[in-house]
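Quick heads-up: structures coming right below.
Presented sequentially are two complexes of subunit A, the first with subunit B as partner and the second with subunit C.
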Partner chain A sequence: MSADHDDGADRVWFEPPPRSVRLPMAPPTPAPATITLEIDGREVQVADGSSLLDACASIGVETPTLCFLKTLTPVNACRVCVVELEGSRTLVPSCARKAEAGMKVHTDSPRVRLSRKLVLELLGSSVDLSQAPDVARWMARYDAHPERFGADAATVAQPVKDDNDLYVRDYARCILCYKCVEACGTDAQNTFAIAVAGRGFDARVATEADVPLPASACVYCGNCIGVCPTNALVFKSEHVMRGKGTWAPERQTTTDTICSYCGVGCTLTLHAQDGRIVKVTSPLDASVTEGNLCIKGRFGFDFVDDEPAGDG
Partner chain B sequence: MDLRIPHSEPSPDERAAVDALLGAPASGWDGGDRDVALDGRVARRGLRAIEARRDLLLPAIEAVQARVGWVSKAALDYIARRLTVPPAEVWGVASFYHLIDLEPAPPVVAHVCDDIACRNAGAEDVCAALGAEGAVADGATWKRSPCLGLCELAPAALLVRAGATPTTEVVAPATAAAIATARAAVDGPADASAGARRGDARLDEVRRSVPQAGDASLQLLARVGVVDPGSLDDYRRHGGYRGLTRAIELGGAGVIAELTAGRLVGRGGAAFPTGRKWQAVAGQTERTRYVVCNADESEPGTFKDRILMEWDPFAVIEGMTIAGLTAGAEHGYVYVRGEYPVAAARLQAAIDAARAAGLLGADVAGTGARFDVEIRRGAGAYICGEETSLFNSLEGFRGEPRSKPPYPVAVGLFGKPTVVNNVETLANVPVLLTAGGAAFAAQGSGTSTGPKLYCVSGHVARPGLYEAPFGVTVRDLLALAGGTSRGRPVRAVLLGGAAGSFVGADALDVPLTLEGLRAIGATLGSGVVMVFDDGADLPGVLRRIAQFFRDESCGQCVPCRVGTVRQDEALHRLAARPPAAAVADDRALLAELGQAMRDASICGLGQTASAAIESALALGLGDPVADAPTTGGAR
Partner chain C sequence: MFGAGGGTSSYREIEETDLVLLWGSNARETHPIFFHHVLKGLHRGGRLVTVDPRRTSSAQWADLWLGLDVGSDIAVANAVGREIIAAGLANQEFIAEATTGFEAYRAAVEPCTLAWAEAQSGVPAEAIRELAHAYATAPRAMLCWTLGITEHHNAVDNVLSLINLALLCGHVGRFGSGINPLRGQNNVQGGGDMGALPDRLPGFQHVENAPLRARFDAAWGVAVPPERGWHLTGMFEAMDRGELRGLYVLGENPAQSEADQHRTIRLLEGLEHLVVQDLFLTRTAELADVVLPAAAGWCESDGTVTNSERRVQRVRRAVPPPGAARDDLEIVFEIARRLGADWGAPDPEAVWDELRRVSPAHAGMSYARLEELGGIQWPCWDDQHPGELFLHSRLWERPVVGPRAGFHPCTHEPPIEALDAEYPLRLTTGRRLSEYNTGVQSGAYANPLRRRETLDISPEDAARLGVGEGEVVRVSSRRGAVDVPIHLDDALRPGLTFMTFHFPDDVATNLITIDATDPKAGTAEFKAAAIRVDRLSP
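The block that comes next holds the complex of A and B.
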């Protein structure tokens, strides 16, 4: 951008002023102090502000979680992640409890194992967990037998809510983890189409007065689908294919790309089976989306498979 | 917020009920008449003052319920619009409470208690005589209710009539005929003070609930039945506001020093030292603080707070005022359970009188300090007595407990440091300050100091509220209450309510102190002493307790939401007298459920939901085979 390539004509090039040396940047955050605690007899150092879950993960201790997701505010409702903290009367949820210097934590004590087992059994006996990844493995690990509550145990079984073209709500699979409510609310979408209603065992995720989604405030961003841990919320495409018996995850491929609808540049993960897109997600660690999309990126893929019309 | 709220039209009554609370809507945007010239081209920033009052959500829903008898979706949408709350969240809040009907209901509802004390006194017969629950006849219906806090008068019922001036009537002892007769009373004009008769008539009325009333040695109950609960002058003539005067002399640090010297601990169940709580709030750097009086009293078997509020309301307000001055709070709330209309009305009258006399308001008693009190009503949810759940309910959210830490003294109501105390705790404060901390601590024993209220009910001759020092025994209380009612021996005593535990007849001489009961694995909790003789249907009582927790779980955490259901199911299986092997399985299941609920639940409800049941089974009480009633049909 100078007059170097002058072709001899009398042209004056505009020189932009030099960039300000002081870029508007937040002051550097000081690295958080490290604290030391003890987990299962091992000394662990983590950054101040870490959760006990982070601390466990840092030494390779796997903790089951259902209602926790790193992009959402912890609600600590499922209690499958509890650990024993010396000096605490009750067990504490590792996902929400901050690590403190000097804590002594046990992640596999009899009390912890019993509570984790019971939580898995209580959920397994009341909710259809067949499409929840990891749960079967945890059930085996904690020797959980949901069937011991008997054949008459109350469940949340109910018909699928299939009231729109984009996704279905199969609340027989809902463990009431609050994630979809958080994603629809202040943690991501700020639409507030759904909330927890009712109380106790009748508590459920619902629109106002249980109106169908099209009558609610839902904008079909599908961010609730993205966070649901049990497949209670699923793409209509997946639901239909599962119904026909054609859903075959082992034949599916995923491809990351950038959404072409607008300039935001959301990362899309296209899930394709037999050459057709069957659903769209976004990686939780994509800096632009943190897993969230809008209706276009999430559901606007049908056109890809459309036959070119007429003149192409 | 960019909310989508349906444009449905509330009925004129619904609109009037909401507008009476929130004022008329300012424009078409919030549900008023649309004026194209005014409303057509405006962009507003932020919320108008009234729109930012999410804490008025429950009062608005309650206003519609009280006026119409049920709350329609159109009414909820209108409230959503007025307060700028998403309709789904309004629905979530409205559907949380028992006393809010979201289906059309007749104006008159009889809430008939079928909880443990009333069950003991024949509540099932009352229910049977009333016919099908929920059936509507002659503009009225009836529903089963958990404990109404009227256990001393069991069996009890509460009649509620919706209307522009809603009326209520307590029916106790309740029979189908008495409930029908009371219908005339609720159909008549409202009179909140109808119960507050004068002089001897008043004392006679009070003695049905407080047999000791009028006894000169009483401290907490000294004025109950003696003074006119509506008269500030009467209150002052009988020692009222001496505690506040003393508090002002002492100053904040002095008050805390006295409370600490008196070793006053909370009477709401957790027995936390009150002085420490107040000091923790007084020491916060955040200047906005709150005082909350927990008057949600819903623990089955508990009725002490109701009696204090109905018959000595100024004492509660005085205690709150002292808390406000000491903790540096300018605003206090009393959260009164929805089933206590008389208590709420008398407290409101006391607040108004205290404000008119300069004892509340911008300059409390000439100190220059500001403190005022507002009443909020619960709407039928035991869990809202848990302090953090109470905050959520008061703020207009679902009454789900928050996880602790942080504790209320640092992050409480509206996220600010908050003193939350039980009614009885606050009523103790003027008593303590007037007597002095040392004299207060001289009563009782060890860490259990001062006078204590015991809610004695069940199979006793004179059920009622009794004041006695800490350290008396159940046998002493039985003597005060005239012994058992049917001449039968005591089989079991429930201490602390549904969240407490059963003890056997061998524990009649254990001193009722915090440490005495801890030694036998029991708790005094909210002061419930419910007596069961050997004719009681203990298995049935255990099933009712299990059902209580199943009904009252907020549903937030898995161990309690599903665990209380599984506990209830297991007790029903046991009641069917299965083979021995199945009994053993279910017993083991109950023990594991209890352990997981105690260890992994978020709050005290789930943590104690198995306590009474486990304690009974451990004592061999309530075994469905061994412990069937010894007389046919006896309860």
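The block that comes next holds the complex of A and C.
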């Protein structure tokens, strides 16, 4: 290394770096074409590539969804978001079906209402949906009465799987939406610790060979908890507090901050009750995380407290 | 990089690049959500190459894994550079227009043939060739590293040898091409940016640069000391010489995190006055004359931190601090008041706004904009500036704006401690997924993945030594010895062993690590000690 070269290097570190003369940008991508379709008799314009669900949302039509999440690949499992598409023999899932120019879509036709009602009734008669936000409201909207299948309707009721210190699996609340499987798989975590085992009514989410979690490939990122729509997957702290009757969402605050561990900079939403952290989530729209965390970010907060959450 | 102390790229680019070269980093476990972005890129058809002595859980995702001997990074990097030049794959236009020192670099790497590098590193020549061609021919390529590169006695040269490769191929300053150290702590980037370095003022401005310093003199109404201070290793050397006699430690646990723990504790005990400000009564705090209980910065106080993509983000108070613990800012303000400087009531936003006035690269980052935009990547020059997705686009202006980027020829030097008959095994250290550093934070939560400290060893070495899973053995280096159970790990090649430093109260790994340090950065060679393993009961 020559002497004048050394000087050059030192000078680079000594002076502030020059400013960019133009803003560094990603290469431009061609803007998608705008297409026009009709929803409930209204003309709607959306970007090509949008789903029918996006198109509905763009004009303020609220569509119930259970298995859909914007960060996951649609799996078309729950069918509660179906809409009627003119020219289509069957109802189509709005979460997965792309909008096309000239489509005529009905979101509140008798067929759609009947189908959504029946989906909610079948789920409601077999699964405990009491902790699924919005479901009660949708049941009312579609006049769904799960009880009409009778008290002896088959259910997925079963004991809570409580086999580790971080989260419990209450599959009596599981609607088999596949979100946890997707989040554990290629859509986020890529750990593949869980899959759907069995067929028909006996299908259920299971670890490999149905072993307890500590014997499975699970790395306790909790990204499955983050996407579960029915609280079948729940923090141990929340489960314990609910059991004791001390879980009080009305006394809880949520505060966004940044994880205290490595340098990736994940946004944490801290759910605190009575001055203590009781649960950690991450916003789906945080560019760093897209809602996903690791074991330390999601569960490693006890060090700021004298006693573990859940004892309170 | 090139005058700006931060990674050049954004996580989004990791998803959209053609090749990620992960060198000395097990991001799958140590930066899990960063690795999510890598995986997204792989699912889109990108490729991953890892260079690591261990076949880590990151390497298991790689298209190509180069399992090099600890400390042979420069040998491999120089051979990659030589092969790129020899194969005619160097970016001649970029080299000619945007760099200096190429001829010296070419001469320096000329002897570094693939065969030579194979002999130095243990990596098959064909694999090094494959890496060279993959990196040079990828339209976009990201080079990322972690402590596998920097926790060596020649840390700075290790980094420079990698930067040389980026310059050779023009893989910097463009969307999807960059060079990025992944930061190990949530604000190690921000701490440096704020001037918590011995030669830097806030905004990464050099303290010995008189015009820059003058702006601080004016802003603060004091004469800022004109010369750089000591980095951590330099402080311990100064303690050894008796020049440094008082120490104020904020949120560090050097008594357990520094290499060669016997020496570290002896020096801390020899201080005239030691103040420790921390959440916990750490081993370091136990040695202190005064302990100031602090609030947890990430959930009990307000402020900002900066991540590995230069994104400044808000931390916010969600819960009150326990007992008498107080916000760091409050404590510092109170100390100032007792020293005779009344700074008024501590207000994090006011402190941040002061920073924005003295650091041009942060000037446009008001709390309101940080909130609105979900954080901003520096530099952000004014209230309209959106922050920069990647750095050094100026190197692609013709003519180049500002100074060219220099090649820095580096020479391969093996680790300080060679293996010999007495200490025949290589010990390298690192983190595991569910633990963190000395366990001060991560030791408290119920963790189903937790297994205590082990000496991870290849099945071949275990068989040779006649030891089995779980057997407690004595691990000795020239500095000390610890007793620790064996764990067989087929990610390790024969001759290589691995420990963490997560459970220092059980197994003080840093009793045996070496405190040989890099002369420029002061980083210790945590990654390369020579050890022997002895059975306790023959």
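Convention: the second predicted complex is superposed on the first by the 280 of 312 C-alpha atoms of A that agree within 3 Å, B and C clash if a C-alpha of one lies under 4 Å from a C-alpha of the other, contacts with A are read in each partner's own complex, and residues count from 1 in each chain.
Note that a contact is a pair of C-beta atoms (placed from the backbone, for glycine too) under 8 Å apart; a residue touches a chain by one contact, two chains touch by 3 or more.
It should be emphasised that the depicted structure is a prediction, and the values quoted were computed from it without experimental measurement.
Participant: A:129 contacts which: subunit B (first), subunit C (second), both, neither?
Facilitator: neither
Participant: Touch test for A:76: subunit B only (first), subunit C only (second), both, or neither?
Facilitator: A:76: touches subunit B, not subunit C.
Participant: Output check: A:217 vs subunit B and subunit C. Expected answer is one of first, second, both, neither. What do you get?
Facilitator: first
Participant: Please indicate which partner A:149 is in contact with in the superposed arrangement: first for subunit B, second for subunit C, both, or neither.
Facilitator: In the superposed model, A:149 contacts subunit B only, not subunit C.
Participant: For the three-chain arrangement built by superposition, which of subunit B and subunit C touches the greater number of subunit A residues?
Facilitator: C
Participant: In the superposed arrangement, does A:190 touch subunit B (first), subunit C (second), both or neither?
Facilitator: Both partners, subunit B and subunit C.
Participant: Answer with first, second, both or neither: which of subunit B and subunit C does A:176 touch in the superposed model?
Facilitator: In the superposition, A:176 contacts subunit B only.
Participant: Between subunit B (first) and subunit C (second), which, if any, makes contact with A:99: first, second, both or neither?
Facilitator: Neither subunit B nor subunit C is touched by A:99.
Participant: With the two structures laid over each other on chain A, which partner does A:209 touch: subunit B (first), subunit C (second), both, or neither?
Facilitator: So A:209 only meets subunit B here.
Participant: List the residues of subunit A that touch subunit B in one complex and subunit C in the other.
Facilitator: 190
Participant: So in the complex, which bits of subunit C are touching subunit A?
Facilitator: The contact residues of subunit C facing subunit A are 2-4, 11-13, 16, 30-34, 36, 39, 43, 100-101, 104, 173, 175, 182-189, 203-206, 208-209, 212, 279-280, 296-300, 305-309, 311, 313-320, 322, 360-361, 374-375, 379, 381, 386, 388-394, 397, 401-403, 405-406, 408-409, 433-434, 436, 440-449.
Participant: Going by the contact rule set out above, which residues of subunit A touch subunit B in the complex?
Facilitator: Interface residues on subunit A, with respect to subunit B: 75-80, 82, 90-91, 93, 96, 111, 114-115, 117-119, 122-123, 125-126, 148-150, 152-154, 175-176, 190, 192-203, 206-209, 215-217.
Participant: Sort out for me which residues of subunit B touch subunit A in the complex.
Facilitator: Its residues touching subunit A are 1-4, 6, 73, 76-77, 80, 86-92, 95-96, 102, 381, 398, 403, 550-559, 561-566, 569, 573, 585, 589, 592-593, 595-596, 598-602, 607.
Participant: Along subunit A, where are the residues that touch subunit C in the complex?
Facilitator: Touch residues, subunit A against subunit C: 1-2, 5, 8-9, 11-27, 164-166, 186, 188-190, 213-214, 219-221, 253, 255-267, 270, 272, 275-277, 285-290, 292-297, 299-306, 308.
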